[in-house]
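Okay, so subunit A shows up in both of these, paired with subunit B first and subunit C after.
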Partner chain A sequence: MKKNMGWKELDFGDSVNAGTAAEFHTGDWRSDRPVFHKENCINCLFCWVNCPDSAIILDENNKVAGIDYRYCKGCGICDTECPTKKEKRALTMEPERK
Partner chain B sequence: MPTIAKTGNEAMAEAMRQIDPDVVAAYPITPATEVVMIFSQFVADGLVGTEFVAVESEHSAMSACVGAASAGCRVMTGTSSQGLQLMSEILPIASALRQPIVLCEVNRALSGPINIHCDHSDTMAVRDFGWIQLFSENAQEAYDNILQLVRITENEKVRLPGMATTDGFIISHCMEKIESLDDAEVKKYIGDFKVIKSTLDLDKPITLGSLDLQDYYFEHKMPIVEAMKEAKQVILEVGKDFGQRYGREYGLIEEYKLADAEIAMVALGSTCGTARAVIDELREKGVKAGLLKVRAFRPFPAEEIVKALAKVKAAAVLDRSDMFSNQGGQLCCEIKSAMYDLKQKPLLTNYVYGLGGREISLEDIRKIFAEQQGTASSGKVKQAVQHFGVRE
Partner chain C sequence: MPTLKDLATRKDPLTGGHRACAGCGAPIIVRQVLMASKEPVVVTSATGCLEVVTTIFPYTAWNVNFLHNAFENSAATCSGIEAAYKSLKRKGKIKAEKINFVAFGGDGGTYDIGFQSLSGAMERGHDMLYVCYNNEAYMNTGIQRSSATPKGASTTTAPAGKVQPGKVQFSKNLTEIMVAHDLPYVAQSAVGFWRDLTTKAEKAFNTQGPKFINVLQPCRLGWAYDPSKTCEIGRLAADTCIWPLYEVENGKYKLTYKPKEKKPVTEFLKLQGRFRHLTKPGNEAIIEAIQKEVDRRWQNLLVRCGEAPKAS
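And now, the complex of A and B:
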């Protein structure tokens, strides 16, 4: 979307095209990041279903492939929902600054 | 063109039946109850194709109207007084989304104390929400105004919601002879509803009502400012076209024997009818009295009013509501504001009258005109704001 548009440039009736959240990189201000461990993933897709920013990347076979850090804001819901056991975690949270 | 006997409410309900809107969401309230009650009977009898949403409050009524209009429907509703107040949180959203919702409003005093009779405090309280407001003098005008509002609000230059008002009980419940149009003629007159944007359009999905802070809120208010400017011309064009088609022409204001008048009355709604009768009497006695009826309160016809009153010596501006600002009523304040730049101004006296349905009689109007004669000859306004007809 163009920035600082004048009122004559706006869409009609306070409407905007849907899906503009894709242009907004919510991953800019993350303090913790989820790290994906593919070898432990059971592909239950709980993380994918629960992610509020659609930041879980699936491959062509609908298996979890990783995290889209452009949108992941580090809320940790994926880590909380991930049912894998403590010693074989598919997702772990790590601080951005160590 | 059939001639029928209708009350104001029946006339508005009849217009709604002929318009056959896609969605009506409404909640009953005296004295507007009949408008939607009669219309819901039309729905039950299968005379219209409308989806009627019987909601639990006026707040929900206007919310449902906004939702339906967002989906691309032609939408109508009706209410009065407290009902309009309960809608008021949603009213500016309808104008911001540029939704041509048409509302049948029956003017009634605001509580408290609780009262069901006519004054204009309810409609005036929502005057700054980006809605077009047309006042009707009688049942005929109520019918004609509703039909014209469909054309005005749906005009692409305007696309703002609008309300046509009648005076509670005085117009809403009094039976008068009105000329209605044939059903087929109304269909032709209003035409098909043109959808500009729809939340149900899967090919062009949109977001409505997103958060809009310091960066864009101001920009999003400007189209309403512009649309209200355009609305003046559109109301004139629609009113003129209505006259050419059906013989009853409408403007933003109406002048009655005003061209050569020395004293005048300015009023809204049903009181104009009473004023006409007194003006006829005065004219027979050689008194140059005239009436300026304000039909459109939003957009406010400032230039037109200034021009119409330019040659008048003294005018009584009648307000059926008080702003409690120590400045009198809304109509007079706006007229005074419009006259600021004039070098020679007419002497204005503001009469706040008729609150809570207090009767205004022929004798009252005679008295007000007599006071204007005094003001015109003395060149001085005795009391700028008077509360007329109240006991001390």
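And now, the complex of A and C:
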């Protein structure tokens, strides 16, 4: 997607290609960062289904592989929804700047 | 009933990089509803948070066919697309396959401004699903009251102050109004119940005719709570029976979630900044009035679902 595009450059009917927002990275909004601990993950996918920013990465077997920090806004829903026990958390929130 | 393993194999309908607030419930609803469809979808959206944050020029976050028209006519636009597709199919000008037509609207674009076009499209019997992501105020323009705003909530046009305790009226029960349209499928769901919402969406896609789903969407900005609690607050709304989850199939009511124990409404109110003034002394009567109205609506619903005997 071209930066600073004008409306005259649009196709007829103002139609644009699908999914171009993927080129726009919202990760710098984040003040808290979710950290994924693979060894504790039970692959329930609750974080993935409840993520508003499609920022949970799944591997080829559809298991959780990590967090896409390009898009993650650090809301913490994944951490709240993660059902793992307190001592063996699969997701923890850490401040972006320590 | 779709399992998470099934859903994970489907294409994500929405990319990251849209500009919704951190912890917004609307993209969660969109992802869960659209992933429940096995067939291709065509989406229209009313003006509102969802349309604005996903389609900021020149970007679009939609991986599916998406059309935006105006605030008041997402249902009319969707019904037009459905009618055009049917016509082209009949003339043999297009490959015949099943396509699901979905319209999204916020509570402003559904309860108030888009109500006439929604009612019209449902009456004409188009094969489409209308999903209302109900965040109980005009959040996009800066939290103005709508007819979905509950009693006691503070908004910028019904602020809590010395004279008025926020909005004075109770919210409109739109789901019941849609039931009165005699649709084949009407349901009510909330963020935080992914299985409930995806099941209802799948059921709607498998039903021929006009369908309506009203989904409660906690709004971290307008409701003023910690963004990580979006799903929790949605579940609390169901647990306190402020927002019961049920479906109506061809006029037959069914409760899809029955809280283990009915919590008092204060459990839901105390977490949110828009109800903060209600906890101050002198406002007990408002909380009492809210509880009474919630109880009355819940009892009525139980009777309709056949879970409680009819009051004589």
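To be clear about the criterion, the second predicted complex is superposed on the first by the 96 of 98 C-alpha atoms of A that agree within 3 Å, B and C clash if a C-alpha of one lies under 4 Å from a C-alpha of the other, contacts with A are read in each partner's own complex, and residues count from 1 in each chain.
FYI, a contact is a pair of C-beta atoms (placed from the backbone, for glycine too) under 8 Å apart; a residue touches a chain by one contact, two chains touch by 3 or more.
Owing to the predicted nature of the structure, the values given are computational and were not obtained by experimental measurement.
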item	value
Contacts of A:T26 with subunit B and subunit C, given as first, second, both or neither	second
Which of subunit B and subunit C A:K73 touches, first, second, both or neither	second
Subunit B versus subunit C as contact partner of A:E81, first or second or both or neither	second
Contacts of A:M5 with subunit B and subunit C, given as first, second, both or neither	both
Contacts of A:A65 with subunit B and subunit C, given as first, second, both or neither	neither
Which partner, subunit B or subunit C, touches more subunit A residues	C
Contact residues of subunit A, present in both the subunit B and the subunit C interface	5, 7, 10, 16-20
Contact set on subunit A toward subunit B in their complex	4-7, 10-20
Residue ranges of subunit A touching subunit C (in the complex, touch as defined)	1-2, 5, 7, 10, 16-26, 29-30, 44-46, 48-55, 58, 62, 68, 70-77, 79-81, 93
For the subunit B and subunit A complex, residues of the former touching the latter	96-99, 159, 196-197, 204-210, 212, 215-216, 218-220, 222-223
Interfacial residue positions of subunit C with respect to subunit A in the complex	4-5, 7-9, 12, 14-28, 31-32, 54, 56-66, 192, 194, 220, 226-232
